[in-house]
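There are two complexes below, and they share chain A, which is joined by chain B in the first and by chain C in the second.
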Partner chain A sequence: MNLAQQLVNGIVLGHAYALVAIGWTVLLGVARLVNFGHGQLYMLGAFVTWWAVTRAGVPYGLALPLAMAVGAAFGLLMQRIMLRATFEQNLVSIMIMTLGFGYVLHGAAALVFGSTGQILETALSTRDIDLGPLWLTWQDAAIVVATVAVFLALGWTLERTRVGRLVRMVAEDPQLAQLAGIDVRRVYYGVFAFEGAAVAFAAGMVAPRTPILTSMGFEEVIMTFVVVVVGGIGSVRGSYFAGVGLGIFTALFGALVSPAYTTAAAFLMLIALLVLRPGGLSTGAAGGAH
Partner chain B sequence: MARPSVRRAALPLVGVAVWFAPALAGGGASVYSAAVLIAILAVMAYGLDVIVSDLGEVSLGHTVFFAAGAYATALLSTRAGWGSWATLGASIAVALLFALVIGLVTLRLREFVFSLVTYAVAVVAMSLAANWSFLGGSDGVRGLPMLDLSFAGLTLTARSDRELWPYAFVLLVVAIYLVDRFRNSRLGAAAIMTHLNPRLATIGGIDPARVRLEVFLFSAPITATAGWLYAYQRAYVSADILENYFLILMLTAVILVGRRQLLGPLLATALVLVQEKFFSLGGYVDKIILGSVLVLVLAFFPQGLMGLVRPLARLARGAARRAGAAQPPATTLMEKTK
Partner chain C sequence: MTADGLRTDAVLRVRDLRVAYAGNQAVAVDALDVAPGEIVGVIGANGAGKSTLVNALAGWSRGAPRVAGDIALDGRRIDDRPTHERVRAGLLLVPEGRLVFSRMTVEDNLSTAFAPLAAPGRRVYAREEIYQLFPRLRERSGHLGAQLSGGERQMLGIGRALMLGPKLLLLDEPSIGLAPMLVSQVLQTMRALARSGLSILLVEQNVRAAMEVVDRLLVLERGRVTLEGPAGALRDDPRIARAYLGAHAA
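So, the complex of A and B:
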């Protein structure tokens, strides 16, 4: 076992976790919404990219925006159906509905794409970069670059632009923002479309690393939970660092202890954190729940 | 609206009707198998019902209690030769232990963080069950003996689904009785108060954290006993018992008919299972149907089917009155006056 190589793997994996979690981070931090169908949206993004590349012969560079468009469309559809619950801030209903959406997506994807595992190969994922004793694929490098770029762009948008200001106003107080003349409905639609597009983009980038299955959404979402909670619920910068930290942790755990139990280990980390600082997190949760 | 006493008096009649339902539906092997499954999965859902409907929290980890009952039964009956009464006790004990641990860890978490952690518990449990050889790994545990509840010279066994039906029925009745008692108990009242106004509950001398833990401890064994009987019905247990299907089914059972309707989870489970067993359009399409029902009911009929029935019943009564008919107003057995 080469420790430096595992560190490289961990950094790549961590950027992948952060990228996959970004839609949830914005959803939660900005709109106080949750999406338990996130894992199935990831699965959908991966399969649309796979279908476009291998079946329709679309170049990878065009398959990504296609997957993002499908993801955004699903995000909009979900938000349309959940609009009333969103305005009521009825998180219980939203949680159960997003779970239901995920289940529908799972069934639909299995119907369309079949239930056998597939490999998504891209021009980048089949070529390696050799750095002496260390190596990674061009796809890995692209994940790191894309993640950093997306986080920087998102941070800039939220803090410096008019759109970012509107979105943060809605997060602070939807009713008052509505009174101030902001079209709250459009902001909610926008945020959910972003969630769908972002997770589809992440899937198109990250999915070439592992075989893809239509049933993978169930487990996929756990790492996003850990990133979002460890990063400080809804914090964009926090979730970047939480993602990278989690990636390094799981890479080392997988290499040193057991690759089969990485999910369990990441979960134990989450529990330990929740037990150690329950006060801080529960106030964060209450803030997101009112 | 029927008075509570009238509805209570009607319950035994409903019970008799349910008892004979499989026989009236033809009494074939597939009918009994579906009936037993409906009873088992309804009991599973009743455990979640008190958490969602009364406590107002969404536990996404209840499949773990279901699986705990099934795995405890499978492991103890095949490896230690325990009888069905002993495995029943063990299922309840394991569920209580799990509920205590999960309940204590999540005691201060509310709303979506609570749901997120309980969902994670279910995913981790599934990865453990699929990988850990002690739990049978991906093969699961096979070759369970038949259900044998014989005692004091009385032979109580079940070799087929037809013979299993009386036991499933009794389990169902006990679960419904317990939920009913819960709703009329101090704990049930405290749960509702904690749900609707935690601050008021605290002023009234109720400790919300304690109430949550107690409701959790009440709920988990109900779901676990469903897992206990499920293990005997299938005669094997594997990690697929932790699949999302059971979670989605439980949630649908809780919300489809309406919250806090005593017979709601049973009716909803029956509707879903009858569709899946006798009007199936293939596994994937059934998934789409079940998920869509869950989403659409919550989005457009948040009161559940009762929300539809009530205005219709009112309309029918109005029409009957206008027509000058003397028959009593149409009432539904499951209607619960608020």
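So, the complex of A and C:
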């Protein structure tokens, strides 16, 4: 077994985890919301991309923004339904509603796309990069590059732009933000649209690695949850490192111990970490704050 | 709007304002006007409804009160508008307590959500002017809100409000927790702002300090205005002296 190859796999997998989690990181950091329909939005993003590429003949580069637009639209719809619960910060109600939304989405997708597995192939996923004994696809490389770019762009937007400052105001104290003249409702809509678009983009990038099914989503939502919690609820930088760390851990554990127990081991680590550092890896300042 | 014989140039015009929490009436003010460049003080004991009053004017609350009545800013009704729209119209509340973003720098705290247009009776302050008004904020510009003293927070809260182009500034207990010298400094700054045309409604527990800068004074008791008049006349009023200035009744 090649340890270096496993490390490469882990780095790619970790960036995929981080990319899939970024929407929820912002959602939690800015609006203190959860979205248990996150995994089904991922599934939707993957199938819209697949449909656009294989059925409508849209080039992959255009299928991605299309999937993002669909994701954003679903995000806006979800926020419209949950707006009242959002303002009341009724987390239990939001949890149930998003979970329910996920199941509805699953059912609807099975009707539209069928329940057989599909392969989303792109020009990048079928071509390999050989680095001596190491191997990865161009799609893998694109995932790493896109993830780094998205995290840098998000961090920069939150820290350095006017919109970012306003979003941080809403994140810290939505009521005081109203007195600063901010339409908090619009920010909440914006954040949910971002969540939908971001997870759809992640799906379009990551889904070519594995066969896609309308029943998928559970794995994605759980891994996202782990990444967001380990990263330190809502911290952008923390999520990146948590995602990459989890990916490397999963790959190495799978190779060295047993792939059958990686999820259990990841959760053991999560529980241990939460006992030792209840705030996650990053306790505070970074990025989207809490 | 002259039918009731009241001045029509008022920046703020409030009629029949009723605020209730869970069915209990907290404020019942029949009429309240603030003229351009005027500072109106609101005093009263703890729980008299002073904060409830200014919060209701801003359409803002951490609770969920029922508010009824007419509130007009510059002759335009705003009582059906959400908080951020009242802010954009020029009604700025500097609340009591948490008034800065503690995880953001002073500099970032002073970023604005919109660019208000200057107009007669509406001056929009630039960041540089805020730093001239409160030099302390410039020295602290890279510090987080959480690191500021009470006085600096107050300056920052007022500074942000000024950058949003207030027609009317609602100040809720700006002197709370401040050293006496700072209290008079903040209030004198308010006087200077009013001289340049800004209207201010000032809620204060520090009656003695408030008396020095306000033009008119309202006394609120259990949500109702029980006494009202020019500051000069009320300063010697035995009822004020007895209840709020700690003087002994003769």
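Criterion: the second predicted complex is superposed on the first by the 276 of 290 C-alpha atoms of A that agree within 3 Å, B and C clash if a C-alpha of one lies under 4 Å from a C-alpha of the other, contacts with A are read in each partner's own complex, and residues count from 1 in each chain.
The rule we apply is simple: a residue touches a chain if its C-beta (ideal position, glycine included) is under 8 Å from a C-beta of that chain, and two chains touch if they have at least 3 such contacts.
Just so we're clear, the structure is a prediction, and the values are computed from it rather than from any experiment.
Visitor: Specify the outcome, clash or fit, for chain B and chain C once both structures are aligned onto chain A.
Guide: Chain B/chain C on chain A - fit side by side.
Visitor: What's your read, chain B or chain C touching more residues of chain A?
Guide: B
Visitor: Taking the C-alpha centre of chain A as the vertex, compute the angle to the C-alpha centres of chain B and chain C, in steps of 10 degrees.
Guide: 90
Visitor: Is A:Leu91 contacted by the first partner chain B, the second partner chain C, both or neither?
Guide: first
Visitor: Mind working out whether A:Thr263 is in touch with chain B, chain C, both or neither, as first, second, both or neither?
Guide: Touch status of A:Thr263: first partner only.
Visitor: Go through the superposed model and pick first if A:Val184 touches only chain B, second if only chain C, both, or neither.
Guide: The answer is second: A:Val184 touches chain C but not chain B.
Visitor: Looking at the overlay, does A:Glu219 come into contact with chain B only (first), chain C only (second), both, or neither?
Guide: Touch status of A:Glu219: first partner only.
Visitor: Is A:Pro59 in contact with chain B, with chain C, with both, or with neither (first, second, both, neither)?
Guide: Once the two structures are laid over each other on A, A:Pro59 reaches no partner at all.
Visitor: So, A:Asp173: does it touch chain B (first), chain C (second), both, or neither?
Guide: Only chain C; A:Asp173 stays clear of chain B.
Visitor: Based on the superposed arrangement, let me know which partner A:Ala108 touches: chain B (first), chain C (second), both, or neither?
Guide: first
Visitor: Shortest C-alpha to C-alpha distance from chain B to chain C once the two structures are superposed, in angstrom?
Guide: 16
Visitor: Following superposition on chain A, which residues of chain A contact chain B and also contact chain C?
Guide: Common to the two interfaces on chain A: residues 284-285, 289.
Visitor: Per the contact definition, I'd like the list of chain B residues that touch chain A in the complex.
Guide: Its residues touching chain A are 52, 56-58, 60, 105-117, 119-121, 123-124, 126-128, 131, 243-244, 247-248, 251, 255, 283-288, 290-292, 294-296, 298-299, 302.
Visitor: Which of the residues in chain C end up touching chain A in this complex?
Guide: These residues of chain C touch chain A: 58, 60, 62, 82-84, 87-88, 92-93, 95, 98-99, 101-104, 108, 111-114, 160, 164.
Visitor: Across the complex, what residues on chain A touch chain C?
Guide: 162, 165-166, 168-169, 172-173, 175-176, 178-184, 284-285, 289-290
Visitor: Which of the residues in chain A end up touching chain B in this complex?
Guide: So the residues of chain A in touch with chain B come to 34, 36, 81-82, 84-85, 91-93, 95-97, 99-104, 106-108, 110-111, 218-219, 221-222, 225, 229, 233, 260-261, 263-264, 267, 270-271, 274-275, 278-279, 281-282, 284-286, 288-289.
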